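The next part holds the structures, each set out as structure tokens.
Next, two complexes with chain A in common: one pairs it with chain B, the other with chain C.
For the complex of A and B:
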């Protein structure tokens, strides 16, 4: 199998060309998805796509749901970014979200009757952030001082957090034994994010965008952000440059865990209004894809989150309209992601005919 | 057809289309019948005025929404979907008039789904998971012109919402009958010398330790005990409604611990497949398990949800109120057991089942007859007389039996009776 093609690593690629390659990838993936849909279900793929779009943005409420899915995914991706940039494999966002969510639900239950909303909601945001921060600090401490494997450590802490959540559910469930806490403060709405500018989810959008912008600025323009990048490139280099690597690891994981904890509060106070192991919706893992695919670029993360939120909401509609269950939309999402990730190859490498070939 | 409220109509159509997002077809005709149902709800007092009419809404104009926790691959939801299809056929609705949202979790996804169904013009919306209840209530509060019905819940009466209702079936009756099938099978095993009388122990895979499950396994046990007095039962909980591998694992463990027959209150085929592999008989739930466990599944306790769905949708068409709590059983044809696995059930089972079902239908047999069980060696009446924690059961017990699903549609029996070993892991 010699002869034929050879690969060379590109030195650089123009922005326009990179975007073009990605667009071609998306186009090809949509065609492949269409063929798959036709082959498996016999449905008209154009109609299925139309239903997807209708389900995601077809009405005001659907559009808001899509925006909300996007924002909840984006904030977790933003939370993971500093850790991954430092090459610290934080697989523990699920757990960090859950401990933040438990703190939020607990404060809603115990503080809902006594504290006014203007005090309660900021308090929840702070306490949840601190909870996630502490949860993130545990593996960072062991990484910094004992060089433990953070991938396993953060992953295993997820299961601890799930058990803590189950404990909280048993503490607060109603009726006893039902494993369901139900909507908290349904009548008083204490601790719920208030409606702003006529929409339920405005506060989610504002909070997430604020955190995203702050994180982009922090990573790009602050000294600490630079330290994270250096530690990520090479710990030895960082040490040689006089950076306190232990301190950077601890600080960065506190930020990462803190934002994921805050995400837990945003999910509980802004969307689900309850605590259960299902509130994360797998976002702690999905966000890893979002962060990596975007090369930690905030705008790209927003776009990828929007795409996945779009697919998730659209999926509900194709299930209703065509009887395709959510797996169908996961297949479509999977194919599109496959092409997008595959396109990175063509952005990084150039393909040419082997030297002397006929061309 | 209703054409009297024309005065109200202009205003009502405006406010209703804003509230309910009337579909284009409804508005295009501009006739009274389509707007009447929401209009009466929106204008409050007008409801009584309409009730004399046969139909306030024609069947072509209604839209029905349903939010379900699983899909057709999961027994509990499959039973609901069958019920919805039955309703559709009975009332002659088209496919476009029934919108089903599958795989909706017990999270805000339920509220979003309900809101979306309202946006699409649904006049009545059902949801089938216990954890959906509070989200559905939230939607019901915001959309008083739409009827919301929730299966297995308990908060309709407490909520004070006129458009929010609970429904369930007297499933304990089906459980009892399926228990009789199990008890007869055990009797056969004793008679054949396969097991000793004192070894007659049933294993039960339950989901969560609360009334819905406890009431279910107690009625199943009482059914078995009515034909096989020496029977005992061990219950273990999976803490999940559907976890196939865990249910299967637990089923096999219980057989290893000496259980000679299995049953389940969970949504998958885990228990029957575990029973099949362990070589013990099994009684399922929701759907026939014979295809999953041909040498093991005797029958399953189930119900026909179409009776309720037809009733509730018809109520909207007729403009009559829907019961706040609805739980019917054998007398109304809601309850039943699935086909008996003739190859393996004990001889005479079909006759015995027919006899018990006739008694339940006639109302002469009460499943929770307080003379048939004790708690800590005492009857329920004695315990209630002693007071303390048991005083709360006084409202349920009279005429010698516990009135299950009569005060509220959701099951209420949550005592662990003698003979059942149900520990929370």
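For the complex of A and C:
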């Protein structure tokens, strides 16, 4: 496929050049998305993009929706980061979010009447984190001791979690027979994140940023963070260096699953106020791509999450305004992701003419 | 007896969808590509086949079912091949991470299916619910003569031609992998691409051909679902997670398509078991639906513990091959 051309792996690329390549990719993806939308709707692409921007940041409400959408994606990406850095393919974030969400919804329902908010909300955050942590520990245990393929294992656990969610929904459905839990504690708002500084989503933003900063510090400056990097580079090297690889795998997946479980609580208490299989919004999968493309850099993850959040909220507006259905946003996300993924190649490799000097 | 026949037929109906997906994924994985985009490709194959037939039936005054069938078949094949090609371009030529590309492709494909499925009638000028009954009838026609046999005919021969096509493809793919030179080369590429490359096998070409062919086979599963199972209609979300079940069957089948036939039947049975099992409440039905995934996880654990090489995933599965890095 590279006939006539010669590829070499780049040793390093200047930050500016890498950013430039990504910007070109984003620009190309926006052009392609515009063409696709134009082909489907027959509308002027400038108008379509105006609608997109209007939908994402056009009013205070919409801006908050975009910020919330970004934050929820960011925390899942942050949760996946330690596992990926260890080269442990945790595809199971969807499931870990759901078990955290089930725990949160359960506590809201059973504890909402008796416990004050100052006790209930911290309790929910802790229990959801522990639920996600245990869910993540299962595939980690089998990876550590039997070397069971974690990609497929975590993938399958997602569907076990989905069925558990469906079971919980029928257990708690309201009204009976509706197959939906409905808004939990709508009147009392027990377990809902309180309004802080005049906005509903402040607590989401604070929690997510806190976890993000803590994770960046943990990976960069702690001994455990260093161990994760060594195990990710080579398990043999780690063993020679006297690192207990099994222990690192178990510990790291507990952290990864725990944060995803916490994300489930944040979604349920801060955004959806209900439990359904749809609360993840596919973030467990999208976040994998976000974390991978950002090379686990916290700032890059925040930027990519912001961009995807912006496009998704914008696409919802396009869909309503031009009478399309809301799945348009998944197509747009997909196209953008393809371009961003493809652009990595031009960052990692240098293309030269065959016979030319060494790059 | 009628309940048993109904259960078996329902199980077969589910199984064939899964079988197409699993056969396609096995062929793909044999080349070392773990294509997690298969669920998305099945959506794309299904909706494009439906759209092809829909636009044909709408444009023609007296639509012919056989032509509709050919049009939809062609559309499904082309679009799913394009899905596989995109996956290959990104993972093989541009060396992107396979998991990341696969998941992005599934996001895209599911969106593609639900978007067009949900808005096609609107785009065509508000003709209401889309339905391609004339074409679907050809897909659903039972085997003439044989389907009249009591019991045996009802279970084995009352299905449309794609059921038998699915079985045939599974057998052919198994034969090609196991007994032909090309199949051996493919296994070599999947197990150890550097060695295969040294032996003069074009790793890139094998990866492309296996993955694109695998994608088209999987896409047929989507088409089968839309035409035979849904009778030529579309309901958003109804395809569900059958694509992931197909990937689960690959593990259950230990990477052999003929095993996938039994695996798919088992999963198809488990998939509809809750409808036919007496004494279940709505809540416990949801728990029964966990079985396919639990079974898969158990197989995954047992095979990794036993560690027999022929029952393992291809050695290079999930990793990109870069010649200059040897």
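Everything that follows uses one rule, which is that the second predicted complex is superposed on the first by the 341 of 359 C-alpha atoms of A that agree within 3 Å, B and C clash if a C-alpha of one lies under 4 Å from a C-alpha of the other, contacts with A are read in each partner's own complex, and residues count from 1 in each chain.
Definition applied: contacts are C-beta pairs under 8 Å (C-beta built on N, C-alpha and C of every residue); 3 or more make two chains touch, one makes a residue touch a chain.
The shown structure was predicted, so the numbers you read here are calculated from the model rather than taken from an experiment.
**Student:** More chain A residues touched by chain B or by chain C?
**Tutor:** Result: the larger residue contact count on chain A belongs to C.
**Student:** Pick one for A:304: touches chain B only (first), chain C only (second), both, or neither.
**Tutor:** neither
**Student:** Between chain B and chain C, whom does A:325 touch in the aligned arrangement: first, second, both, or neither?
**Tutor:** Once the two structures are laid over each other on A, A:325 reaches both partners.
**Student:** Name the contact category of A:282: first (chain B only), second (chain C only), both, or neither.
**Tutor:** Second partner only, chain C.
**Student:** Who does A:157 touch here: chain B (first), chain C (second), both, or neither?
**Tutor:** After superposing on A, A:157 lies in contact with chain C but is clear of chain B.
**Student:** Once chain A of both complexes is superposed, is A:182 in touch with chain B (first), chain C (second), both, or neither?
**Tutor:** Once the two structures are laid over each other on A, A:182 reaches chain B alone.
**Student:** Quick check for you: in the superposed arrangement, does A:86 touch first (chain B), second (chain C), both or neither?
**Tutor:** neither
**Student:** Now for A:125: first (chain B), second (chain C), both, or neither, which partner does it touch?
**Tutor:** So A:125 meets neither chain B nor chain C here.
**Student:** Pick one for A:268: touches chain B only (first), chain C only (second), both, or neither.
**Tutor:** neither
**Student:** Touching A:59 in the superposition: chain B (first), chain C (second), both, neither?
**Tutor:** After superposing on A, A:59 lies in contact with chain B but is clear of chain C.
**Student:** I'd like to check the shared interface: which positions of chain A are touched by both chain B and chain C across the two complexes?
**Tutor:** Correct list for chain A: 166, 325.
**Student:** Enumerate the contact residues on chain C facing chain A in the complex.
**Tutor:** Contacts found on chain C: 34, 36, 86, 90, 92-97, 99-101, 103-112, 114-115, 118-119, 122-123, 204, 236, 241, 244, 247-248, 251, 282-284, 286-287, 289-290, 292-294, 296-297, 300-301, 304-305, 313, 318, 322, 324-325.
**Student:** Spell out the part of chain A that touches chain B in their complex, as residue ranges.
**Tutor:** 59, 61-62, 65, 166, 175-180, 182-183, 186, 271-274, 276, 278-279, 281, 316, 319-320, 325-326
**Student:** Over in the complex, which chain A residues touch chain C? Could you list them?
**Tutor:** 1-2, 7-9, 40, 89, 91, 142, 146-149, 151-153, 155-160, 162-164, 166-167, 170-171, 282, 285-286, 288-289, 292-293, 323-325, 327-331, 333-335, 337-338, 341-342, 344-345, 348-349
**Student:** Note which residues of chain B are touching chain A in the complex, please.
**Tutor:** That would be residues 21, 71, 99-108, 112-113, 115-116, 119, 130-131, 133-135, 137-138, 154, 208-214, 239, 414, 424 of chain B.
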